[in-house]
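Same chain, two partners: chain A is paired with chain B first, then with chain C.
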Partner chain A sequence: MRARAMVPGFVVAAAVTCAVSAPLAAQEENALGREVYDRWCASCHGYEGLGDGYAATWMLPRPRDFTQALYQIRTTPSGQLPTDDDIMRVINEGMPGTTMPGWEEELSLEERLALVDYLKSFSRFFAAGEAPEPMTFSSPTRATEEALAEGREVYELIECNRCHGADGRGDGTSSPTLVDDTGMPIYSVDLTENWYFNGGGTVEDIYQRLRTGLDGTPMPSFTDLIDAGVITDEQLWNLSHYVRSLAPEDPPGITEVIRAGLVEDAPLPEGVDDPLWESAEAFYIPMGGQIIESPRWFVPQVAGLWVRALHDGGELAVHVSWSDHSESPDSAWAGFQAQVLSAVGPEEGDMEPGPRPDGLYLQFPMEIPEGMDKPYFLMGDPLEPVYLWHWESTAGAAQEADARGLGTMAPQGDAGQSLASEAAFSAGRWAVMFRRALETGDPGDLQFRVGEPVPVGFAAWDGDNGESGSRGSISSWHYIFLQEPTPATVVVAPLIATLLTAGLGVLVVARAQRREREGAEGPDEGDA
Partner chain B sequence: MRDLFGCGRAMLMATAAVFATACGGGGGEAGGGMEQEAAGEEMASPVDMATAGGIHAMVMFEGMAPEMDAIDMASEPNCAARYTDTPMAEEVVVGGGGGLANVFVYVREGLDAGMSFPTPGGAVVMDQVGCRYVPRVVGVQAGQDLTFRNSDGLPHNINASPSENRGFNISQPVNMDTNRNFPLAEVMVPVRCDVHGWMSAYVGVLDHPFHGVTDMEGGADLGMLPPGDYVVEAWHERYGTQTASVTVTTGETAMVSFSFSEAMAANAVVPMGEPIDPHGPGAHTLAPEAH
Partner chain C sequence: MNTKPWKHPLGQAAIVVVLAYLLFEWGIWLLPPLFGVASAPVPATVVLQYMGTVVVGVLIWVSDSEERWKQFKAPIHRVMVDPRQKVLRTALMVTIPLLVAFMTFDRVRPTVSAPAALRSVHPAPPGQIDFRGETMVLNGLENPLRHEGDLEAHYEEGKRIYVQNCMPCHGDALDGQGHFASAFNPAPLSFQDPGTIVQLTESFVFWRIAKGGPGLPREATPWDSAMPAWEDLLTAEEIWQVTIYLYEQTGWEPRTWEEEGAEGEEH
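Now for the complex of A and B:
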């Protein structure tokens, strides 16, 4: 339904049905709820709560249809209505894995309470009965190593991997055929990014979702397994701990500067699996859909990149990894891709389904800028071009390229190529490594210098999600900073301090022992 | 947060309301149905078997049956290994004699307003065998137990998306039974397995026992009904619905026949989640082609 038809349609519908419909009668009395809803919610969820607002076709998953009263985030059993508190929680916190933002800061408590009532008034299910009862949840087990190990066993026993993949990255064999209750394609969540979990990423949240399921999605409830004695409640808690452990302890902060550590006593990594990468600091780069220039992309799949960088004074190595459901193009995902492309609507141009690679670029200015000046973040412009490292899953080695605006990327000639790369896909994760000399002597390349921050931006494409060209994920500008060798005094001073402290300690202990030997006649150890 | 409805007996009240509807308000039963049921006072069938007659439906397929796609079970080798021949999709199943199987046939209109039927004690079983639902189409009475059985011993989930009733999505990772019921009549409730995207099934829910699912011969018995005029509907997942009038006379089995063809697929309206009130007027004037 388009916006122009919405208002008269609603008025007619209201006039016709109000006389007989309790839900709509409740709406009439809830003027505040209607005002808040119409102003803030209707553009996505539709004036009649059908999830068909004018912005809906840009979104996957689609906005909730309130008329069926299907709510993912509940404290009630699968199939039951949510409590008012459940609805309030989603209004407050939003749904982090979707386009639904949180409204706790935006709307007053009174407005949000009215909104809860108003949302319920869209469905006859709420009018029919009384308030739903939340389930009683037990207390968590302790997250011991044994608990985590058992949690992993349960993960395998009940085969969470079918959808979520062996390592929890959403790459399970059933993933490509998942649809939600609206028939739209839906991704199984990447369990390594708990900050995107709908309903929260704590152990308690995970446990509750396992108990209640996420209605309207393929995620079922596991409560019956406890009732049937297939697993115990304790095991479900342990599974929750295990799932929680797949994500970092704290959500990654947004770092502006990627520090490239200096490697002095070992060779720079040669490949993506080099153990040296494990010791390198990892920086998280959040990504968003390219929604500036047409054709835009509102349903990106690469939500963030982990970036590690090391240098040895002569070369720079950059390791980029991210979760991806598939190694595109993967024929198992062809149907899913077609569904995504037909779901996003024609507003951003026609897109034929077909095999597309995954891709990644790092962009830099052509030279280290003076001050804060940077090229336009969407691949520069004719006046200020950018220099890129571009990798595609089907193209072999990464290439150096330059661009003067979106869609103008052109690889440098063979003679100019001085970039080494390696890529590997495993268990739902891409790892791509680039390596290049800091100084290439090629005037078309950026020349890195130790100790000077270099602007760097990222873009990524998930081909099996239908992404290519301007349809993909992008980051803002960040910086990469090649650490300088540590001056000798920085190393020596702590060493001297340590030696001094140790020497003093030895002296004190020796004196104390001597004193004890001299005066140790009585057994007064309790004073110690 | 404030509790808008004040207390928490939603399901009980909803069920009681359904019951009251089914009882049709007769004889002071309305409102007390739930408690009576709970107290174990079994309601007797209102059908007088001395005067009843049967309905037998025959559903035939006209023309060549469409070729079904092979099910790609590559993602589930354990299931694929159970087949010697390639498993084929079961959207259209036509028997050797031309009968169309998996058609849900039921009395849609014509039951006396005062008539209500006890919930059968036995459960209807929908099994999961070789990563297919067996049977693929079942009918249950509102409130009757529906047992989802996992005979595969590998993970399934049962994701039911009704419209009148509340849905559910439950996991069955091992051999096990799980019971659920739908308190309200609706035709049909789609059921799917998200682990195996090809698995789908349909449940017809009615507040009376006069329904059946056609076998490989296309036949279905609808049980014994009081004499009278009824509207019978045949529902197929690909070809939509057809209705026919049928008159039941004492001691006789009334035959009602339907015929579907592939041409109907193009414009088929396949109802899902349609509420059914069988206490309608009955014996509607219908297009003759359905007879």
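Now for the complex of A and C:
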């Protein structure tokens, strides 16, 4: 409002020259917007709105540069400014999958409205023209089998797979070439994790992003394909349903305990593709960057692991899978990796680009702890070492290892190795299986026991993202629990309790009725 | 005969028991947050204990007067003997044993849970710490930067340190909701929460930042915490600056040593 009330001649001239940073008069008027912005936003987006705040070089993607007036999440056509509601939405909900949080709870409506005006005042484009008009979107089609099948065809037809990959995991052939408008490397999103979609993960969100494109990123708008008659609007809805169907119904919850199911009537899985894994319960382990000890890593690519476990009383098999853009080291990604490493800045020490493998470890204490005690969650310490199952994409079989702190991992000698493993990379997904006897007789190994929770931690590396050593993602301690055979009491105890209660009830009622028939004394005696 | 249920002793007893259950199970947990006071669910065993007390109390009250006791029993007796109540009687005699069966099953079925961690969130701080080879006495220690230099500049520097180091876990809004927060258990503290820094002196906060997870005493399970020991990465001045930022940004006042002393004498 205030912005548009400014002198028109000045506005037009400014819009043409597109000067970058000088704050406008509107900013002087909007004291509340400035106060809120300086207090909460400037540390990432910079006091001048240039996206160059203190934390900017720690982040990929970088914070938005508001002077460019380039907004990803809009309801307006590609190349146009966002509406006030569009800006408000991102302030409210944040940008999932980036470092931008939602501010709906933190800031009052008045503060957020002032903030919308203040963000717009960083660019002269907003003051220059008409208020942007949102597109009109059609109503969703129904997500029938046919709709999903057609959506899958459209996915191939308009070449979503070139960036997002055959199964939507972001491993398409063009993926390693992607940069955003600021020249920073940008990953094509993993469509199986819709809770990380920048503009929201619902079918409507997906459809709108397909119509508007994500300006500033390589993700285009497909409205022109509809206008040109290449695809229909209905087909775009079906594509949206298909994309939505690639992710689970709900985002995964976080579980502290991974249950290893007992397999009694079949052999334990031999490999990663054994059909038995499909029926095993899957647990999601969220991962965070290793930012505890230097050199730290703020831009990890492995955001979470899916873990399944089964045992047969003699052996334990663990299946870990996660999305990965590439089977590192993949030479197609060498340039991308170099860009990532130069983008994360020199604060944590320089890192030379070069081929690095993908990796994974499972970490256990040396023995099942008594009470609460555990080794330090980040690979133990000199006094309390940890026991590890370590796999690397270039090293063949996984190995048992020990560690006494970050960066001290050492494989056990050949004689101590008792771990079987198999790994497979397919369509943007790693699956790694470990299998080991519960009891090995090796004093250097953890000995598993059925029915007792065993602490377990995880770490993972994406080599083509420049990760190795202390630069990777880690988890806290979780537990793995080897399920016991169902004890007989589970059936017997409720049966006995039922019989006792029912019998007692029958007795009490029968007695009361008998007394009632005998009648003389009245109902008020006895059965208390 | 047809009195209102809340005027009949049986109805009153039932209402008291149900209300008490709702209060223990949900009220204690959900009501205080409406007034800005932190709360937590009451453990099932404690609810059971409280309910036992309530039931005994109700029984004492109904059996206290002969008249009330008769009134209380009458409907129960009627259901047991009255031929017209046969449907209700049969229904109760089926559902009650089934309920008992279900409750027993719930108790004996094998459950998988992590071992209970009785973790102390705010353990007692040590009297003094060793910071980069120098002894710092925490007892009575104030934030020196509150009287030294430009507070505004300290705040700004604290902001830089915070977003570059603390934000990924503790969040831009200092609410413990950083983008890595879900990976770590125990969860990163929310400094907005009235149970955290507002309860603490700045020297306590300095100790927690400087020594991090590894510097916690055993009762606070140092092996679980993802909080780094910042003495390896930040100077004492930087830690004091980020402490100023935490209080300024949340609007909380740090606890002072006078209050601490007064508290101590009361106990």
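Everything below uses one rule, namely that the second predicted complex is superposed on the first by the 464 of 528 C-alpha atoms of A that agree within 3 Å, B and C clash if a C-alpha of one lies under 4 Å from a C-alpha of the other, contacts with A are read in each partner's own complex, and residues count from 1 in each chain.
Basically, contacts are C-beta pairs under 8 Å (C-beta built on N, C-alpha and C of every residue); 3 or more make two chains touch, one makes a residue touch a chain.
Treat the numbers as computed from the prediction; the structure is a model and nothing was measured.
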Discussion item. Going by the contact rule set out at the top, does A:Phe298 touch chain B (first), chain C (second), both, or neither?
Written reply: second
Practice prompt. Report for A:Thr408: first if it touches chain B alone, second if chain C alone, otherwise both or neither.
Written response: neither
Discussion item. Per the contact definition in the header, classify A:Ser475: touching chain B only (first), chain C only (second), both, or neither.
Written reply: second
Discussion item. Quick check for you: in the superposed arrangement, does A:Glu484 touch first (chain B), second (chain C), both or neither?
Written reply: second
Worksheet item: With both structures placed on chain A, which of the two partners, chain B or chain C, ends up touching more residues of chain A?
Response: C
Item to complete: Check the residue A:Ser418 against both partner chains and state whether it touches chain B (first), chain C (second), both, or neither.
Response: neither
Item to complete: Identify the partner contact of A:Gln447: answer first if only chain B is touched, second if only chain C is, both if each is, neither if none is.
Response: neither
Worksheet item: Who does A:Ala502 touch here: chain B (first), chain C (second), both, or neither?
Response: second
Worksheet item: Both chain B and chain C touch chain A; at which residues?
Response: none
Item to complete: Please give the residue numbers of chain C that touch chain A in the complex, ascending.
Response: 70, 73-74, 77, 80-81, 89, 92-93, 96-98, 100-105, 107-110, 112-115, 117-119, 159-160, 162-165, 167-169, 171-173, 175, 177-185, 213-214, 218, 221-226, 228, 232-233, 249
Fill in: Residue numbers on chain A that touch chain C, as the complex places them
39-40, 43-44, 53-55, 58, 98-99, 101, 103, 105-106, 254, 256-257, 259, 286-289, 291-294, 298, 347, 371-378, 381, 384, 453, 473-479, 481, 483-484, 486-487, 489-490, 493-495, 497-499, 501-502, 505-506, 508-509, 512-513, 516, 523-524, 527-528
Worksheet item: For the complex, which residues does chain A have touching chain B?
Response: 68, 70, 77-81, 84-85, 88, 113, 116-117, 120, 125, 128-133, 157-159, 162-163, 173-174, 177-179, 181, 213-215, 217-225, 228, 230, 332
Worksheet item: Within the complex, which stretch of chain B touches chain A?
Response: 1-11, 13-14, 17, 75-76, 154-155, 157-161, 163, 166-174, 176-178, 194-198
